[in-house]
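Several structures are given next for inspection.
In what follows, chain A forms one complex with chain B and a second complex with chain C.
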Partner chain A sequence: MLRNSRLILAHLWLAFAAFGAAIVLGLWQMWVRSPFAAPLASSENYFMSVTAHGSAMGYVLTTFFIMGFGYFVAETALSRPLPFPRLAWTGFTLGIVGALLVVATVFSGRATVLFTFYPPLTATPWFYVGLVMVVVGSWIWCALMLVAMAGWKRDNPGQAVPLAMFATTANAVLWLWTTVGVAAELLFIVIPAAFGWTQAVDVGLTRTLFSWTLHAIVYFWLIPAYIAFYTMAPQLAGGRLYSDLMARISFVAFLIYGLPVGLHHLFMDPEHATGFKSVQMVLTVLVAVPTLLTVFTVCASMEIAGRLRGGRGLLGWVAALPWKQPLVLATGLSFFMLWFGGFGGLINMSYGMNAMVHNTSWVTAHFHMIFGGSVVIMYFAISYEIWPRLTGRMAPSLGLQRAQLWSWAVGMMTLSLPWHWLGLKGQWRRVAQFDYTDPAISWWTPWMAMSLVGGILLVGSAFLFLWNLASFHRAGRSAEAVPPMNFAVALHSGGTPAALNGFRIWNILVLVLMVAAYAFPIAQSFIVKPPYAVVHRVDRTN
Partner chain B sequence: MSTEPTKLSHSPKPDGFAVKAVGFIGATAAVAWGLSLVAIPVLQGQQEGLDWFTSICRAVGISTRPGGGEAKADGAVSLVTWSPSVLSRVAAGDARKGEELAKDTCTSCHNPNGLSTDPATMPSITGQPARALYKQLWDIKNGTRINDAMLPLVQPLTDTQVADLAAYYSSLNVRSFDIRLEPEASDATLKLINQGDAARALPGCRSCHDAPSGGPVDAPHLVGQYPAYVAAQLRAFAGGERRNDVAGRMRAIAAKLTPAEIESLARYYEGPR
Partner chain C sequence: MAIDEHSVARSERRWATAMITASATLLAAIVYASLGAHITPPSNSLETVDPATLHVAGEFVEANLGTKVESGGEVVARIVTAQFAFQPACVVVPQDTPVTFRIASPDVIHGVMILGTNVNSMVVPGYVSRVRTRFQDTGDMLMPCHEFCGLGHSQMLAHVRVVAKADFKPDANGRATCAPE
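This part shows the complex of A and B:
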């Protein structure tokens, strides 16, 4: 068992507790929007629920899962104790207090601003203070990952940091860069407005700062899934990682191209002219590169495994893979959803085509498929893989784990495909209730019903997931010893360039690209002096 | 041991890989910036007869045309603009000073509590949003809203005093009922208030009036207003005698209401009885 099992379990259980509550809200939201009468349906309740659902899924589930998994990787991949475990607990405490503040303010109806805030809407300041505490807690995690990696390098000169840890630290570095935008927005604009110190805000500037965070945060969420693709799936399939170099290039590419691209969320916004939107669109095309590299490398690694297991012919190796292994199965399901999600993403990032889908349900459906589908299914599989190491107990049933993964994938497809379609047909997002007696939209009914069925499947799957995790804790200590955690070994190793064993030059590149991509769009607010929007306080009646 | 350590390559400095990577990233960046800020804008500009400098400025978002100049004052609907500094001054209004000021100048008609001394001709201003009060006082002061009774009283007031008075009357609330209660009214009236009438392009009154709506900052609350005043204002908007509503919002709406609708809306807004 691990030295820091309790620390890691605390993070992961908090993440999944938030997830369990938020998914019930999600189902209720689908129900309110559907043609079927839902209990407690009102616009106020709907937006309150969306705020809670988004904050819990996007901030609490992700951040705490990533922190917990990071501590796990630091201890297992580096085979040495985590530095400063006390500080890690401090980060956790900050995070949990912040998360509780968020919950309290949202459910008292004083923070119905949705999880991406939408200034000039302003909530009670304590909502934002809670979020800042979660972020500050995660900064402690970032620092610990950097210290852990530096310590290992000091003691192992001339050796490459194990890939899982290199990728985790890349994520910590990415997260530090990512949070600069939202932190600036909250600390300099939104929180002063929420306290009533300012009465009007430059909405264009707040959106620009948020866009800085908005794309990269998705990669922060996604990198654990990629770590599992590269370092866990090939190992469990009985193969080898095809190329360690390719993996490192992918993670570095996420760091570099994940950040100077956020303006693609503002294509339809008026505060920027076409030039910088186009710059960031071209850079967005390049973030497809690490994903394509990953698909290639992971497929090649799996092919090695399949052939080692006796698979022959063009595709025989696919059938030979051990699909009974939950993480191998999850990788397959995740890749499947990644095709759809990635395709949708290419549409969203195309300046012209974005106009067709902007602010429609397509966008909501897209991020559910790619994040809720491809990424979160890997969070489940990772948990199944690491829980035995945390509890010292083997899974009572792999069958139930597989059933859970299947039902999640099927549920997510059933939920999001009709949703995409309705978005293409013009269904608005962020609307609580529709008038289905209006003949213009009454044909939505069967599609909404299908989505709702998907939502029910997802809730069932989520509860099965929590059940599966809980059964580890209930199971007696198993007779067979839990095997130690092994990450995949690379087929082609050796010759890691020194530049891919640290982040100095990549940080300099990020800085240069961010200045070139964002300095003018931000400075413009001070040059052009745009009109300000009057703050709209949702936490008061006046 | 989890992973077999991988040996680092001992490439001579500068690291060959790093040089290649920086070269690649630099080249992609050059393409991104060159295409987006120079090549495409200049080509598009040529088709519209723009010179290259104007085209690039346009792509970046800098206007090369001479500025639009100041807004003209005469014929203006209202001279109040909601700039951050004006909003801060309104927010900084001092209700205690406002109370002192009101004692000598306003209470004879509006009472110390903001309810009118003559509901047939004068509005209730109790608990109105400070921004609505501030705007009306300034409009009366500037003559963009005509009110001969109040003009001599508000003309000498400074901006700070106007903000103080607005703060004072907005801090009161002497309504005898809960403004969230729905007064009784016919379905047609309720529809006009909650949804409007799409056939006449009438938005619902509630989308702008009454907290906590997301309407214009200067929209007054209507619930609890005297029916005679509401009806008189709607007729004044419809007939163009009152024209201080920015963008003609209320004039456009009131002109489409029938006299019967004006009566029933006015009765609704008197509040639950």
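This part shows the complex of A and C:
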């Protein structure tokens, strides 16, 4: 068992507790929006629930899972104790207090601003303070990852940092850059307004700063899934990592290209002119590259495994893979959803075509499929893989784990395909109730019913997931020892260039790109001096 | 299983070339669509308006809202989106004619889209949103607010009425309104 099992389990259980509560809210929200009468349906409850669902899934599930998994990787991949475990607990405490503050403010009805909290709608300041505490807690994690990697490099001069740790640290570096935008928005504009120290805000500037965070945060969420694709799936399938170098290039590419592209979320906004929108559109096309490289390297690694297991012919190796292994199965399901999600993403980023889908259910469908589908299914599979190492107990049933992964993938497709279609046909986002007597809307009914079935499947799958995790803790200590955690070994080792064993030059490159992409869009607010908008508080009844 | 380092590198180079080519093709298509076919996002340049005073002076005063044929013949529809209604709640426009929407908000962020068309824009207080379009079919179309703007957001809904060119009859001042039902 690991030295830091308790620390890691605390993070992961908090993540999944938030997930379990939030998914029930999600189902209720779908019910309210559907043509079928739902209990407790009201605008107040609906938007309160949307705020809670988004904050719990987007900020709590993700951040705590990534932190917990990062501590796991640091201890297992580097085979050495985590530096400053007490500081890690401090980060956790900050995070949990922040998360509780968010929950309390949201459910008291004083923070109904949704998880994107677009000013000048303004919640009670304590909602934002809670969010900041979660972020500051995660910054401690970032520092610990950097220290852990630096310590290992000092003691192993000239050697390549194990890929899983290199990628985890890349994510820590990415997250530090990512949070600068939203932190500036909250600390300099939103929180002073929420406390009543300022009465008006530059709304365009707040949107620009938020967009800085908005794209890269998704990469923060998905890097753990990519770590599992590269270092866990090939190992469990009995293969080798096809190319360590290519994997490093992909992670570095996420760091570089994930950041200077956020303006693509503002294509339909009036506060930026065509020039910088198109600059960031061009950079956005490049973000497809690391994912396309990943597809190749991971498939090639799995092919090695399949052929070593006796698979023949062009595709015989696919059938020869050990699909009974939950993480191998999850990788397959995740890739399947990634095709759909990736295709949708190409439409979203296409400058003109974005107008077809902006703020429709298509967008909601897209991020549910790519995040809730491709990424979260890997969070499940990673948990199944690391829980034996955290508890010292083997899984009582791999069959139940596979059933859970299948039901999640089927549920997510059933939920999000109708949303894609309705969005394309103009169903707009973030609405508590539709008027189904309107003939322009009444035809939605069967599609809404279908997605509701998907939602029910997802809730069932989520509960089965929590059950599966709990059964590790209930199981007796297994007779057979839990095998140690091994990450996939590359086909060819050595020859890692120094540039791909650290982040110095990549940080410089990110800085240059961010200045090029964002200096003017931000400075514009101070040059043009657009009129401010008066703060609208939602925390006072009036 | 023997795969030497050179063949790994070669296969990767081939794949990377193919993928970079694919991305470049995609980019070329988008650039062609925007520069060649003029399919671009709305609000090409920056235009600001003070949300605190737009109702008392300037083009967004109540009397100036709705559809107007400007002196140059251009059809312009001015709309104010406010918590939780559009002003006006119905906008009439002629079919198969270039129409420019000019939209502003006096309070919070809203969003505007017209179902069945590519008209889609955020409305951010402090700025003027502009969308140019041409409607192909006649009839009433839904124009909802698509960004959360407060608890009444779900009820924030308007219509666009597209009429045949012959039925589009602006008054002496160039103004046209939806005929009462």
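Heads up, the rule we're going with is that the second predicted complex is superposed on the first by the 541 of 542 C-alpha atoms of A that agree within 3 Å, B and C clash if a C-alpha of one lies under 4 Å from a C-alpha of the other, contacts with A are read in each partner's own complex, and residues count from 1 in each chain.
FYI, a residue touches a chain if its C-beta (ideal position, glycine included) is under 8 Å from a C-beta of that chain, and two chains touch if they have at least 3 such contacts.
All figures in this text were calculated on a predicted structure; none of them were measured in a lab.
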| item | value |
| --- | --- |
| Touching partner for A:Leu346 - first (chain B), second (chain C), both, neither | second |
| Chain B versus chain C as contact partner of A:Ala77, first or second or both or neither | first |
| Greater chain A contact set [chain C / chain B] | C |
| First, second, both or neither for A:Tyr532, with chain B first and chain C second | both |
| Which of chain B and chain C A:Met268 touches, first, second, both or neither | second |
| First (chain B), second (chain C), both or neither touched by A:Glu185 | neither |
| Contacts of A:Pro162 with chain B and chain C, given as first, second, both or neither | first |
| First, second, both or neither for A:Leu286, with chain B first and chain C second | both |
| Chain B versus chain C as contact partner of A:Met485, first or second or both or neither | first |
| Chain B versus chain C as contact partner of A:Glu385, first or second or both or neither | neither |
| Touching both chain C and chain B, counted on chain A across the two superposed complexes | 272-274, 277-278, 281-282, 286, 524, 528, 532, 534, 536, 538 |
| Interfacial residue positions of chain B with respect to chain A in the complex | 1-11, 15-18, 21-22, 25, 28-29, 31-33, 35-37, 40-41, 56, 58-62, 82-84, 87-88, 90-91, 129, 170, 211-212, 214, 217 |
| Of chain C, residues touching chain A in the complex | 1, 3, 5, 8, 11-12, 15-16, 19-20, 22-23, 26-27, 30, 33-34, 37, 39-52, 83, 107-109, 111, 113, 115-116, 118-130, 141-142, 144-154, 157 |
| Chain A residues touching chain B - in the complex, by the definition given at the top | 76-79, 156, 158-160, 162-164, 196, 198-200, 244, 252, 256, 272-283, 286, 484-487, 489-490, 493-501, 505, 509, 513, 516, 520, 524, 527-528, 532, 534, 536, 538, 540-542 |
| Residues of chain A defined as touching chain C within the complex | 43-44, 47, 50, 112-114, 118, 120-121, 202-204, 207, 242-243, 246, 266-274, 277-278, 281-282, 285-286, 288-289, 292-293, 296-297, 300, 304, 307-308, 346, 350-356, 358-360, 425-426, 428-435, 438, 440-441, 491-492, 524, 528, 530-534, 536, 538 |
